[in-house]
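Two complexes come next, and they have one chain in common, chain A, joined by chain B in the first and chain C in the second.
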Partner chain A sequence: MKTEVKRWLETGIVDVFLGYKRMMNHPLPYCFVKADLEAVDDLITGPARYSLEKIATHIASVRPDLKIGMLARDCNQRALNVLFIWNQLSPDQVKTVNVNCCPSNLKQHGDCSYLEPEKAGTYKQRVGLGKALDPQAVEEFSPQERLSRWMYEFQKCIKCYGCRNICPVCFCKACSLENKELIGTGALPPEAPIFHLVRAVHMAGRCIDCGLCEDACPVDIPLRSLYRKVNEIVVAVFDYETGSRPDQSPFSVLGDTVALEPKPI
Partner chain B sequence: MQCKLVPSVCSYCGTGCGILFEVIDGRIHSTLPMKTHPVNEGKLCIKGWNLHEHVNSDLRLKQPLVKTYGRFIKADWDEAIQITAERFREIIAKYGPDAIGILVSAKITNEENYLAQKFARAAIGTNNVDHCARL
Partner chain C sequence: MTVKRVTFLQELLNFMGLAERVHLAWISSAEAQKFVQVVTDFTEKIRALGPNPLAEYAAGAKAARLESNSDHRSSHLAGDR
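Right after this comes the complex of A and B.
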């Protein structure tokens, strides 16, 4: 892989390559360039997971002419598909080296919550909702109990906007979560459940279930289950698996044609 | 094109969350939490997430301002420090050193806080030292 990345940089197949490198004993994202090819020897694939594609969109926003190479796990690949659909990156501009979600053969991966959902504590189990639950597991509770459990989770929110900031597919310049007309300002926790539901609705056809939002949430709100439910509806209505293919999203208003019709009933 | 991810420590409070600055062509583009940092484990509060904003803000003060006839006038550091020292001397001579208090901050480092209290005690001669977290 290192030889291949070196070759890409040397021959100009890519101008920059986003991967990871150990710095100050932390596995951190690193931007490899042709001018410093020797650094590629330190390229690693994990274990920490950052949204490299988000960094790529930032690079593209400054220098749209650059060709960007990056390491891509499954979630990165899905996020790239969504970013291509929404014209944040162009498929000709990005070249990926696909890597296994698990950096070791023993599948010891401490960071990806998709593979190792954190077990909820006893109190959370009693009154709240655990991480990375499937919508079906949540729906086993009665509607009343489900509401009270969700409200318990939402009312912990400290409105850090971390879920939005870390999200690889959140790129809008104007965000509804900061719209004073939609969401009241100045109060903590933010208006529940409207704050979270506004974000959930916007995740329809966008969320690629990478789980970075849940990882970044300081109060462990099971955001992933919420967005999974939203995208379950998208699959049911439009037969559209978000991020699985670089097609037009059903919610895109750009262009003259309707890209995806609702699924025949 | 230069893109660097610079590890640092959040300067907003004393917790010491690990952060990463995304620097593209010399401009801090965004702030990320450091996933493997033992303090924050990939999480940040709203202040940490917006650390880059005050660096890039147009309203950021980049040089000292001296209040002259009720208006803030731009000055250079030598001039500003000279004026401050003179006024400190005047106040100490007139009202004594306890007329001065030093307020330190969580936004500066431990060592800078140490220097500030040392300055209060040794140079000014007062025990009036307090911290922004108690204001």
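Right after this comes the complex of A and C.
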């Protein structure tokens, strides 16, 4: 892989290559360039992951002429598909090296920081919601119980914006979550559940279920469960599987016909 | 687009445990009777559901903020979280 990356950089197939390098004993995202080919020897793969495609969109917004290479797991690929659809990156400017990812029937071994999320402690199990729960597991609770459990989780929020900042498909220049008219400022926790639901609504047709938001959350809000439900609704109501489809999200196009009816009271 | 977004929102709120509190209807300015009917029906439904449970959380959060602002240091020292 390293020889291939070196060849790409040398021959100008890509101008920069995004991967990981061990620095201060941490695997951190690193941008490899032709001027420093020796650094490519330090390119590593492993369970560590970051939204490299997000860095790519930042690079492309300043230098749209650069060709960008990057390591890509399955979740990175799905995010890239979404970013192509939303015109944040162009398929011609990105070239990927596919790396090992989640295990499946076809491959037993997987490399991902998310394979075994932390088990919820007894208190969280009693009043909150564990990480990486299936939406079905959440729906087993009664509506009252769901509300109190979600509110317990949301009210821990310290409004660090980590979920948004790590999100590979969050690219808007003006973010609703920073709009003072929509989200009150100056107090913690932020207005629950408005803050979290606004983000959830904006994830419809965009979230590719990489789970980085949940990984990044310093107070362990089970965001992946919430956005998994978002994806479930988008599949169930609009038959749109985000990240694996080349067409635009149902929330970006009107469509030719109205397929939905307002629900009765 | 509106019906898409509202349908999505209804499903999401239901997942959070806040079902049935959002309604969408198309009423033309010429349909006064329909307007009255929809508003009456929806008001009745909301009345039957009772007050919005979020109000309680909002009041609780506000009280907690006031308390932590006025008494931040002492509660911190006492290890009272």
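To be clear about the criterion, the second predicted complex is superposed on the first by the 238 of 265 C-alpha atoms of A that agree within 3 Å, B and C clash if a C-alpha of one lies under 4 Å from a C-alpha of the other, contacts with A are read in each partner's own complex, and residues count from 1 in each chain.
Just so it is clear, contacts are C-beta pairs under 8 Å (C-beta built on N, C-alpha and C of every residue); 3 or more make two chains touch, one makes a residue touch a chain.
This is a predicted model, so every value here is computed, not measured.
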Touching partner for A:V237 - first (chain B), second (chain C), both, neither: second
Touched partner set for A:E139, first chain B, second chain C, both or neither: second
Which of chain B and chain C A:E214 touches, first, second, both or neither: neither
Chain B versus chain C as contact partner of A:E153, first or second or both or neither: neither
Which superposed partner A:P250 touches (first chain B, second chain C, both, neither): second
Which partner reaches more residues of chain A (counting touched residues only), chain B or chain C: C
Partner chain(s) touched by A:E53 [first = chain B, second = chain C, both, neither]: neither
Parts of chain A lying in touch with chain C, wherever the complex brings them together: 135, 138-139, 141-148, 150-151, 155, 187-189, 191-193, 197, 200-201, 204, 226, 229-230, 233-234, 236-238, 250-251, 254, 258, 260-263, 265
Chain A-touching residues of chain B, taken from the complex the two chains share: 1-5, 7, 18, 20, 22, 24-25, 29-30, 32-37, 42-46, 48-49
Chain C residues touching chain A - in the complex, by the definition given at the top: 1, 3-19, 23-26, 38, 41-42, 45, 53-54, 57-58, 61, 65
Touching residues (chain side chain A, partner chain B) in the complex: 15-16, 23-24, 26-31, 33, 48-50, 55, 58-59, 62-63, 66, 111, 158-162, 165-166, 215-218
